[in-house]
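Quick one: this structure, given as structure tokens, is what I'll be asking you about.
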Amino acid sequence: MEDNNDHLVRSTDCEHPANLIPELCRKFWNLGASNCEYYRELPLTISSDLVYLAPSGVQKELMQPENIYVLEMSKQVDPKKRIYLRSPPNLKPSQCTPLFMAAYQKRNAGCCIHTHSQWAVLITLLLERRSENKKVFEINNIEQIKAFGRGWKKEGSMGYHDTLRIPVIENTPFEEDLTVYLESAMDAFPDTYAVLVRRHGLYVWGDTVSKAKQHAESLDYLFRLAVEMEKLQLPWLSDIAPIV
Amino acid sequence: MEDNNDHLVRSTDCEHPANLIPELCRKFWNLGASNCEYYRELPLTISSDLVYLAPSGVQKELMQPENIYVLEMSKQVDPKKRIYLRSPPNLKPSQCTPLFMAAYQKRNAGCCIHTHSQWAVLITLLLERRSENKKVFEINNIEQIKAFGRGWKKEGSMGYHDTLRIPVIENTPFEEDLTVYLESAMDAFPDTYAVLVRRHGLYVWGDTVSKAKQHAESLDYLFRLAVEMEKLQLPWLSDIAPIV
Amino acid sequence: MEDNNDHLVRSTDCEHPANLIPELCRKFWNLGASNCEYYRELPLTISSDLVYLAPSGVQKELMQPENIYVLEMSKQVDPKKRIYLRSPPNLKPSQCTPLFMAAYQKRNAGCCIHTHSQWAVLITLLLERRSENKKVFEINNIEQIKAFGRGWKKEGSMGYHDTLRIPVIENTPFEEDLTVYLESAMDAFPDTYAVLVRRHGLYVWGDTVSKAKQHAESLDYLFRLAVEMEKLQLPWLSDIAPIV
Amino acid sequence: MEDNNDHLVRSTDCEHPANLIPELCRKFWNLGASNCEYYRELPLTISSDLVYLAPSGVQKELMQPENIYVLEMSKQVDPKKRIYLRSPPNLKPSQCTPLFMAAYQKRNAGCCIHTHSQWAVLITLLLERRSENKKVFEINNIEQIKAFGRGWKKEGSMGYHDTLRIPVIENTPFEEDLTVYLESAMDAFPDTYAVLVRRHGLYVWGDTVSKAKQHAESLDYLFRLAVEMEKLQLPWLSDIAPIV
């Protein structure tokens, strides 16, 4: 550790996670997300045991490869005492780390993204004031639903007429306390690729970086659409008969 | 085919379709379209028989010339078995291909664009809940209408007082099944340059790339304006007497 | 004219109008304006008689210096037969030309901008359905009003408590027919720097390029704010007593 | 002063205030702020006595290092007669200068930002029409609140369940007249990092440039969210019981 393993975050390959994380943070920052952090397993040819993590407290659109943490999954013993293979100077690990680890360990996710999207927050507020079904966002009969896979270890994509269900968990004062609720939601909705956090935002993942990004963009699209539908008194769930 | 005809997608001319398609995808992605694919005939001096097609499953804002399919119109026999002159490795042809071919063959379109614009989807939802006239979007007396030609094989542009009519077809679980409905809508509205797909998005085309782009941008402008008009209880159709 | 005077649109000075016009068009296109064209007198040290005009039918965000028209004010005899010192090949002069000339001749404007801003169009629609005062947009007690000068040949800026008044004229099928109505509105509102066109957009000008740009940006800000105020049932005019 | 101390605004260090101010102005201009100016103390190793100020009347997204004013705090005697160590040619100091100085002197702020954000203006208008509590914006139980420190000379950050309070002062015709009201609001709300100005915008600061930027972005996020909540009849204050 004498040299802090800085070679782990130095690469001229733009697909390397240390280069990809800052690029994705910039992209989501430009799209209006106030916050986004994620990790990713390396390609199997290098090592699937390495996890790359964005730090806390860095201006997301200015993040650099040298700001990134790296740890080995197999070397972690105590979640309260993470051992890092490589740490950036003068920064702290993100509070989201345990949540990303849950997606990694329970779903074998290759990448996990967290945002404070205003549309996600508004969806959780609209659900909160309902008299029932406050804990799940549901929408069907929208083409963009096809951007989601049928679920963990399942083949194929969701269909246009299918109902996409994203569970909602309540927020906690300390982000790491969300972990048990996130894990419960994953157990209750085994096929979901995302969990909404009330009055907070979204955790979303995928088998690969591009899948996680596609899920994050598609959910932001659907949440924004659903907020506009609410303003126009259009229901999120409908009964549309297939025409073929 | 041994070399996969990669020379067809390599050009230093920024007006070459293999360079133009990625640039347009980036531009529409920045404008908030979650999806956009299109094809274009080459300038006649090269060959009007070549069609360039964006692939499925590529992050649209990162598309590269080498991701693009090329086929010869005159060599296609069976729509279920397309023969490609040039194929990108590790990708699949877009499900939109048969719809683009319809615009090409029935209207001699030089370029066709597909988007999942939220404004387009909201327009189809607002029409759906009406008691009548659910299958056509109509707006008149708006200057931007002048961005559209009077129709296929007709001279000149639409006027400020004219009514722009865009037909709406119902969505199907598989995108290629839309083709017959798209063709019927083209027959019923021979002068339209676009077809809305309920709860899905828009297909829009033009004689040239710049015309198709102008139609796509102008429709997005009009759809967004119409959604705002609905929120403010302003009607899409009005009776405005010409002042000159 | 043998060489088409192309030297008039070639300069390495980024403040040269032939370079400034494309840059401004790109900037306004990025801000969501679907259309923007303008002209500008050259610095007096070159010649205040030259007018630079964007062409019609070019993709605004892709405009190049070589697409620009140049004419001499003093050489124009018949508005129906403009004589151009320099013309771009394969393009047509903008239909807006006579309107820009009106701002130039009646107000000595150094730059004029035209947009189809959706917020401007919505303002004219909201005024249209009123029972009275349909022909002027009025707002007061908003800090941004201070971005406007007190008017033609007057010193100083408008104050926070002042009422900004922008006249509205009705649209005509042919843009050049707007000229007489634009001139009448200028006569009726001698201090205005802008005229709204119902269901169409905005003409806005200033003594210099930066003043015209400031007016255009500030009006777009105020129009958007006013539309949001309408949605929230907040009145555009208020009676606020000065506190100092 | 013979050479105008231009070396004070020339640096190849992108963290130097003369380079940072233009970059931040561009960034906030792109985010839709029509106006933003700020100052910043230099790192202590240079001198904490120097203040950098953006000028008035420059197009914010085009600002250059050479447009920036520099003054020494310790050399200022009369607020009406500022002495500048370095002045840009042909420009005027911003009217905001006395307000920035208040944040600097009363709160030891390292950076202060001013915007005319439409969401900030709408919040002040929504508060104005209330029958009571017109002079403070309050929101609680939103994760983004954690972006704010607990207050001046206090350790730690606000919590998710805490109520963020931003005082509102009335606007004055001349910006410098706001100073006494700003100072009173700081006294009444000693822990606030921002003050809203009715029908005008926001003053926001932080101990460092990155803290001020984080506060400005987070407030814009919360103001926009709160306006959307109002449109959807969702209350800004709620009673949410902690779950852990």
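As written, the chains take the letters A, B, C and D, and residue 1 is the first residue of each chain.
We adopt the following convention: contacts are C-beta pairs under 8 Å (C-beta built on N, C-alpha and C of every residue); 3 or more make two chains touch, one makes a residue touch a chain.
The UniProt protein names, listed by chain, are A, B, C, D = Methylthioribulose-1-phosphate dehydratase.
Source: prediction; values computed, not measured.
Enquirer: Quickly list, by label, the chains bordering both chain A and chain D.
Expert: Touching chain A as well as chain D, we find no chain at all.
Enquirer: Chain A-chain B contact: same residues or different, taking over half shared as same?
Expert: Mostly different residues: under half of the interface numbers shared.
Enquirer: Taking each chain's centre as the mean of its CA atoms, which one is farthest from the centre of chain C?
Expert: Checked the centroid distances; the maximum from chain C is A.
Enquirer: Take the average of all CA coordinates in chain A, do the same for chain C, and state the distance between these two points in whole angstrom.
Expert: 45
Enquirer: Using mean CA coordinates as chain centres, what's the chain B-chain C distance in Å?
Expert: 32
Enquirer: Would you give the residues of chain A that are in contact with at least 2 other chains, written as numbers and ranges?
Expert: Residue numbers touching two or more other chains: 231.
Enquirer: Please give all chain pairs that are in touch with each other.
Expert: A-B, A-D, B-C, C-D
Enquirer: Where on chain C is chain D touching in the complex?
Expert: Per the touch definition, chain C meets chain D at residues 141-144, 159-161, 210, 213-214, 217-218, 221, 224-225, 228-229, 231-232, 234, 240, 242-244.
Enquirer: Considering the complex alone, what residue numbers of chain C touch chain B?
Expert: 34, 59, 116, 118, 121-122, 125-126, 129, 170-174, 177, 197, 199-201, 227, 230-231
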